[in-house]
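What follows is a group of structures, each given as structure tokens.
Shared between the two complexes below is subunit A, which has subunit B as its partner in the first and subunit C in the second.
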Partner chain A sequence: MKIDITEHNGAKVFSLSGDIDLYSSPALRKELIFFIGKKVPLLLVDFRDVSYIDSSGIATLVEGLRGMMSHGGKLKLFGIPERIVEIFAFSKLDKVFDICGSLDDAVKD
Partner chain B sequence: MSAAMENAIEVTGLRTHYGQREILKGISISIPRGKTSVILGGSGCGKSTLLKHLIGLLRPTEGKIAINGRDIAAMDEEELNGVRRKMGVLFQGAALLNSLTVAENVALPIREHARLNESTVMIMVRMKLDLVGLSGFENFYPSQLSGGMKKRAGLARAIALDPELLFFDEPSAGLDPVTAAGLDDLILKLRNVFGMTIVVVTHELPSVFTIADYVIMLDAGEVIFSGILDDLRNSQNERVRMFLERRPETRTYSPDDYFRFIVGD
Partner chain C sequence: MVVKIPSHPKYLCIVREVTAKVGHIHGIGEDLVEQLKLAVDEACANVIKYAYGGDARKRIVIRYKVDRGWFEVVIEDSGVKADPEAIMGRRLEEVRPGGLGVHFIKRCFDIFEFDGKKKNGNRLRLVRYLKEKDEDRYNGA
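Up next, the complex of A and B:
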């Protein structure tokens, strides 16, 4: 997995690519915790180039969501490939996370 | 994907013994990737023995067990461990550790194979427990659970690492019909959502017709059927028909043999 971190209208954008699994989840966690510590108001995760996510990746995002909520910030996911949406749905998290189609949709409200 | 790799597992000429007794008599089978294969057969025919060889727990007397194209029968323990990380197993007796809570049991394979933060591990554990209908039982000990609950906790542990290959030995034995149907549903979803290769030993015919893509039937250590469900339904093999129609075994020995058997000669 690779993480590219950029800014978009005051939001942090994490662009992930590759597999989010046992080996890469800790790196994602570290970045999430860092920005949660800075109390960023909006964190967007770009899933367009993610090929696979396992339960450690999902659990890491759950921790990220909880961390963002603790200071009133928002975490949103966008561009999730259909197969990966199914994994979120299977884990009953498709309604827990704010899942958007595109970056534009994600910054709207 | 090459033709060979369409099968997650290829077993050739597998012979196994317990002591002097030959159990599997040179069997060859293929387990298709991303599908659910069911292993059927009467009690004592060697199903659990086969499963234990597929996961590398027992070593064969003869034959090859290729997983993703590599023979595990020829691997040393360290190589085998690498392959095992991709496997989830639920044994016939669930085999939970009694000194650990349910949550600790499920976390065991995660802690063994990965370096994750404790809070990440606990979220993973709770997600798996929820999948098997055991939310809220994290801090129970196995001795405080019913038989069916133990089985489901064992299942949560088997899927803790999102395995590529999942092995179940009679997962629904001892479960009430509703829980058993829930388990079938979970098996279907694991195959559909994660594309897992699943191998299930079961005696429950309704479950077979719900979950199986592929069926292998053993009888006295030999394969008497392998193929898709439709071929199973249409099979003319007498032993297969007996099993499907739940006909009892008819005794074939003579009164004299029976007499010798009960007097112990």
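Up next, the complex of A and C:
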């Protein structure tokens, strides 16, 4: 997994690519914790190039969501491939996360 | 078919690739292949986390057996014995990190059982029936 971190209209954008699994999710967790510590108001996770996610990747995002909410920030996901949306839906997390179609949708409140 | 990997998370991608290839070779549809890949990955990740407690120097053996009616995966380790009674995921309604892996395994596989006869370590047998009518055939095989 590769993580590119950029800014878009004041939001931090995490562009992920590749597989998010037990091996790679600690790197994502580290970055999320760093920006949660900085109390960024909006963190967007770009899933367009994510090919796979397992339970450790989902757990990392749940932890990130909770961390963001703890200081009143928001974490949104966008561009999730259909196969991965299905995993979120099965886990009943599609209603917990703010899942958007595109970056433009995600920056809108 | 047998795959042996060190118990380091970086090798899980190999398990996923092999699982998908075995599925494709046997003509299994893409949606089910994705589920099998995730479930076998989660089962091996559990071995790394729980049976081996994160020790990356151990070994995991994964055996695949596929017939027209079923897809069987047997995963063996030499780690701490699992307590089948204690293995249950979190309630899906409960929003917290962790506890999802076992749900991914059980939604995919019809049989999820530990071989109680194995003296040291664990032998987890996972079976997915590919056609409903083949359940009896598998049991008689």
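Going forward, the second predicted complex is superposed on the first by the 109 of 109 C-alpha atoms of A that agree within 3 Å, B and C clash if a C-alpha of one lies under 4 Å from a C-alpha of the other, contacts with A are read in each partner's own complex, and residues count from 1 in each chain.
We take it that a contact is a pair of C-beta atoms (placed from the backbone, for glycine too) under 8 Å apart; a residue touches a chain by one contact, two chains touch by 3 or more.
Note that this is a predicted model, so its numbers are computed, not measured.
Asker: Subunit B versus subunit C on the shared subunit A, clash or fit?
Answerer: Overlaying the two complexes on subunit A (C-alpha atoms) leaves subunit C and subunit B clashing.
Asker: So in the superposed three-chain picture, is A:15 touching just subunit B, just subunit C, both, or none of them (first/second/both/neither)?
Answerer: A:15 sits against neither subunit B nor subunit C.
Asker: First (subunit B), second (subunit C), both or neither: which does A:60 touch?
Answerer: Both subunit B and subunit C are touched by A:60.
Asker: Regarding the shared-chain residue A:96, is it in contact with subunit B (first), subunit C (second), both, or neither?
Answerer: Only subunit C is touched by A:96; subunit B is not.
Asker: If I apply the document's touch criterion, which positions on subunit A are contacted by subunit B in one structure and by subunit C in the other?
Answerer: 22-23, 54-56, 58-60, 62-63, 87, 90-92
Asker: Can you list the subunit A residues touching subunit B in their complex?
Answerer: So the residues of subunit A touching subunit B come out as 22-23, 25-26, 29, 54-56, 58-60, 62-63, 86-87, 90-92.
Asker: Where on subunit A does subunit C make contact in their complex?
Answerer: Against subunit C, subunit A makes touches at 19, 21-23, 52, 54-56, 58-60, 62-63, 66, 83, 87, 90-93, 96.
Asker: Of all residues in subunit C, which touch subunit A in the complex?
Answerer: Result: residues 8-10, 12-13, 16, 34, 37-38, 41-42, 45, 48-49, 92-93, 95-101, 103-104, 107 of subunit C touch subunit A.
Asker: For the complex, which residues does subunit B have touching subunit A?
Answerer: Contacts found on subunit B: 110, 113-117, 119-121, 123-124, 127-128, 130, 160-162, 189, 192-194.
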